[in-house]
Amino acid sequence: MVQGRTGYWFAAPAILLMIIILIVPVFVAAVLSFTDYSLGSQSANWVGWENYDKIVNRSTYEKMFGASIIYVLVVVPVSVGLGLGAALLINSLKFGRDLYKTIFFLPVMAALLAMAIVWEFALHPTIGVVNTFLQSGCGGFAEAFFSWGWLPFVDGSQSWYGSRCAAGEFPLWLGDKQYALATICFIGIWQAFGFNMVLYLAGLTGIPRELLQAAEIDGAKSGWERFRLVTWPLLGPTTVFVVTITSIRSFQVFDTVEALTRGGPSKSTYVMMYAIYEKAVQQNLMGIGAAITVVFLGFVLIITFIQRYLVERRVHYS
Amino acid sequence: MNMSEYIGEGWKHLLLIFGSLIVILPFYVMVSYSLKSPAEISQNTGGFIGSQEMMVSERCVKRAEPDRTAIENARGIYPGLSDEDIRSTLMAEIEAQCSSLPVVFNYTTAFSEAPLLRYLANGVIVTVSIFLIQIVVALPCAYALAKLHFFGREFVFGMVLFCLLIPVHAIALPLYIMLAKAGLTNTYAALIIPWTISVFGIFLMRQFFMTVPDDLIDAARMDGMSEFGIVWKVMLPTAIPALLAFAIFSVVAHWNDYFWPRIVITGDRDLFTPPLGLREFKGDADGSFFGPMMATATIIVTPLIVAFMLAQRRFIEGITLTGMK
Amino acid sequence: MAEIQLSGIRKSFGETRVLNGIDLTIREGEFLTLVGPSGCGKSTLLRIIAGLEAQDEGDVVIRGRRVNGVRASDRDLAMVFQSYALYPHLTVRENMMTPLRLRDLSVLQRLPVLGRFVPGTSGVISEISEAVRETAETLKIEPLLQRKPGQLSGGQRQRAALGRAMVRRPVAFLMDEPLSNLDAALRVHMRAELSDLHRRLATTFIYVTHDQAEALTMSSRVAVMMDGDILQLDTPAKVYTDPETQQVAEFVGSPKINILDAQVGSGGDINAFGFTMPVKIPNGPFGAIRVGLRPEHLTVKSAGEQGFAAVVRHIENLGSDVFVHASLEDGKAILVARTDPEGAFALSHGTPVSVCLTGHAPLLFKTDGSRIRPTTTEPAMAPLAREVA
């Protein structure tokens, strides 16, 4: 059959590239993860589970998993929540929608590496605008308000802002192991939430106005009730997707870490992608890098399977 | 609108404006620093654009500092002056030459200190090649999967769906090893090859082609067009909107990509893509170079931002394409 | 007793005026249909009654209570939407329970898991379940209660939407083109069901449609709307046989009424295309008028009989009826006449025929479209009392 032969010819390049570029590397990684291979050496020794053993038992890798998982667990809920919140707010506006949409989408468009470097400037301990700004708030209304001293049972001088002002010093942010990961998370959220917002806005346009009106007539008087009854359930598919893609992307965080902290201070931001880069590319320890790659792929697969399961089980309505 | 609606709307705007300020902050810092002089940056003065007073570039002065031969040569122009006087006269000339507005200094330094134009050209070469090859590979395959009947079609489509699960970044290490073994690291090929196959592109185009009526293809066959002709002369034009969205998706991803170039380009500056160039700049920057560095960042970020501003809807469509996975 | 009263309702969307001062009184328990071509403002009027849209001017009074500015959820009306607007993630039972849950349970009682432990919840829930069961029984949708809307056919969704509206026993049902998404056969069937439902519930139905057949078959009264005005409000029979304007006459009835230009002579004779009508209007107006002839008031006879001399152009055979399209004076006008299938047997394209009146008086209109009511040849009709305040 002519069509059949043409079909093969048309699909062949893609099949070939899929195999070489996507499928073979997975097996290469799997095999190398059991060796002590390094580039340039002629032979590699089979080391069995040694690499995985290290990953599980060494504190460096414990820190690596900790940093990656904390990063994902912080960035995903916050950026999804902010994305949803912004989408709902913008969707209910009477004017100015496009303006906010554009602004919130800017970080998605800008090269993360460039913006990470800019954030580093903004967060510079002495000349950065953030600390300068915080400093300038001390002693004035801002300190009085944000030290929360006006709340009952709160001692303003003990609160975060109050005590910083009193001491006259603000965090080093990226240089302080207490704050470094949080700062990296913040940049991640800053970059990701506009993307989530746009997906949610698209999801919102898919909700028929008639359904919200039906809810109103059925007696859902408050916005919250209509959200619970109509909006949130109908955004289910969007949410599943947004959470999945944000999780996978968060696991892949690299640019900010490489440019700003190099995994430090004291491995507090030693995320998986950076670990792969450092071990394999910089230190030429391919075996351990491959093992981390395999674990990493495992995480991605788990997330995707959870997504597929949710999509198939619950979210197809009509 | 009654009073309470105005108040409600007002609150929403207040919240969104607060959010916008945080979102814009780094862009503000970036552009502002790219305009100001080193002194203004380190003292955090001068507002957004700085005072734009003439400044003298120390590097420029140092580089042009008159040595013995320069002074000897100048003796003819300034007869009768002592060496010291000639030297100071020359220095004054050089300082005059090396002084400029901070904004001019920052941007010219950005281009002169590193081959920024080369980086930008590399960025264009890499993103355009990736996109074109992706299309050449994906389009016929998508057409075959959507419209041609051949044994094993379901299997091939299954393979595409499976490959959608593998993020290329995740298998960067084995890819790197394979490229290194093939001796391809530090080449354009290394930057391009891993991205030549976009399973997502195949999937997307296949979904799009499914909606094209069979009648159109049959009509083309009746007109005597070859299958190859159908792909490029019939299917491609119908798929322009989807293709445009995919183009934006692809170009944005690869212009901004830092991880992959970082791995396969290890030293050859001539192959640096814009983000790598900027990273390199950061690596050897001292305090006085914040301005030029921010100018570089601005130059790298601007093309996409401007394109986005001009064709917002298309861009948002393109970037959210991943939403279809 | 007046149940829902509208007075002076005006509404514009930007520059476009949609409703120009509508006055309408809807009686307790009647089936009132708002019918008109798309864009005539009927849906907007319904949504103003529902409270989904706010009028620019005028009052809506429901059971003596002015509800301007009262929100939809507080008006005690139920609405069936064109798209049914069923909650896609809830089963039919949950869909039907929603309006009762939202009204009869407090915020605390509605909490997902904890709500069950609030005193009194179980009692209310069993009442709600009972109400849902009864309604489902009435609509014969009990087997569907566990399904989700996505698993239902169009007709079943329609019933589920009706069910959700009915459980609450509202003051009135508002229906916005509820049958337009069904196929033709089901639509005819649902018309009968809706009429039946209306009789049994004895509640007010306000029904919006663009389909004049739906309006004629189901309603107690029909309000024909065009360009933001109610042109005529009357029983379906009256609207059909005694339209007040040419627009109404043309909108109601299928196939459409034939409208011919005619001349009134000084004696009151009406002449159109060489044929003199069996009606006179000695009191005028004289000069140009228009004559409206319904297809069923015409028949086709062999050429030469007393009637319009015409040539057959097209024969539309519907099985039970045959509509003959005949052209007058070489196509200056086309008359559509109904004949029985036997009569049409001998006809074919190009046959010269006479199109004759079957004895019904033609409807006469001035050139501006208003109705002329002959005073001599027919007993004078009682002037139509418009129900408008």
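Some observations on this one:
By letter and in written order, the chains are A, B and C; residue numbering begins at 1 in each of them.
The rule is short, and it goes like this: a residue touches a chain if its C-beta (ideal position, glycine included) is under 8 Å from a C-beta of that chain, and two chains touch if they have at least 3 such contacts.
Please read these numbers as outputs of a predicted model, since none were measured by experiment.
Under the stated contact rule, the graph of chain-to-chain touches is a line, running from one end chain to the other without closing. Among the pairs A-B and A-C, the greater number of C-beta contacts is found at A-B.
With each centre defined as the average position of its C-alpha atoms, the distance from chain B to chain C rounds to 61 Å. Remark: chain A and chain B have CA centroids separated by 21 Å (rounded to whole angstrom).
Averaging C-alpha coordinates per chain places the centre of chain A 56 Å away from that of chain C.
In chain C, no residue touches two or more other chains. For chain A, the set of residues that touch two or more other chains is empty. Contact residues of chain A toward chain B in the complex are 1, 3-11, 13-15, 17-18, 21-26, 28-29, 32, 39, 82, 86, 89-90, 92-94, 96, 98, 100-115, 117-119, 121-122, 127, 129, 132, 190, 194-195, 198-199, 202, 238, 241, 245, 248, 252, 254-255, 258-259, 273, 276-277, 280-281, 286, 289-290, 293, 296-297, 300-301, 304. Those residues of chain C that touch chain A in the complex are listed here as 50-52, 71-74, 77-79, 81-83, 85-90, 98-99, 102-103, 148-150, 164. Residues 208, 210-211, 213-221, 225, 229-230, 233-234, 236, 316-318 of chain A are the ones that touch chain C when the two sit in their complex. Across the interface of their complex, chain A is touched by residues 1, 9, 12-13, 15-16, 19-20, 22-27, 29-30, 33, 41-44, 137-138, 140-141, 143-145, 148-151, 153, 156, 159-160, 163, 165-178, 180, 193-194, 196-197, 199, 202, 227, 231, 252, 255-256, 258-259, 262-263, 274-275, 278-279, 282, 290, 293-294, 297, 300-301, 304-305, 308-309, 312, 315-316, 319-320, 322-323, 325 of chain B.
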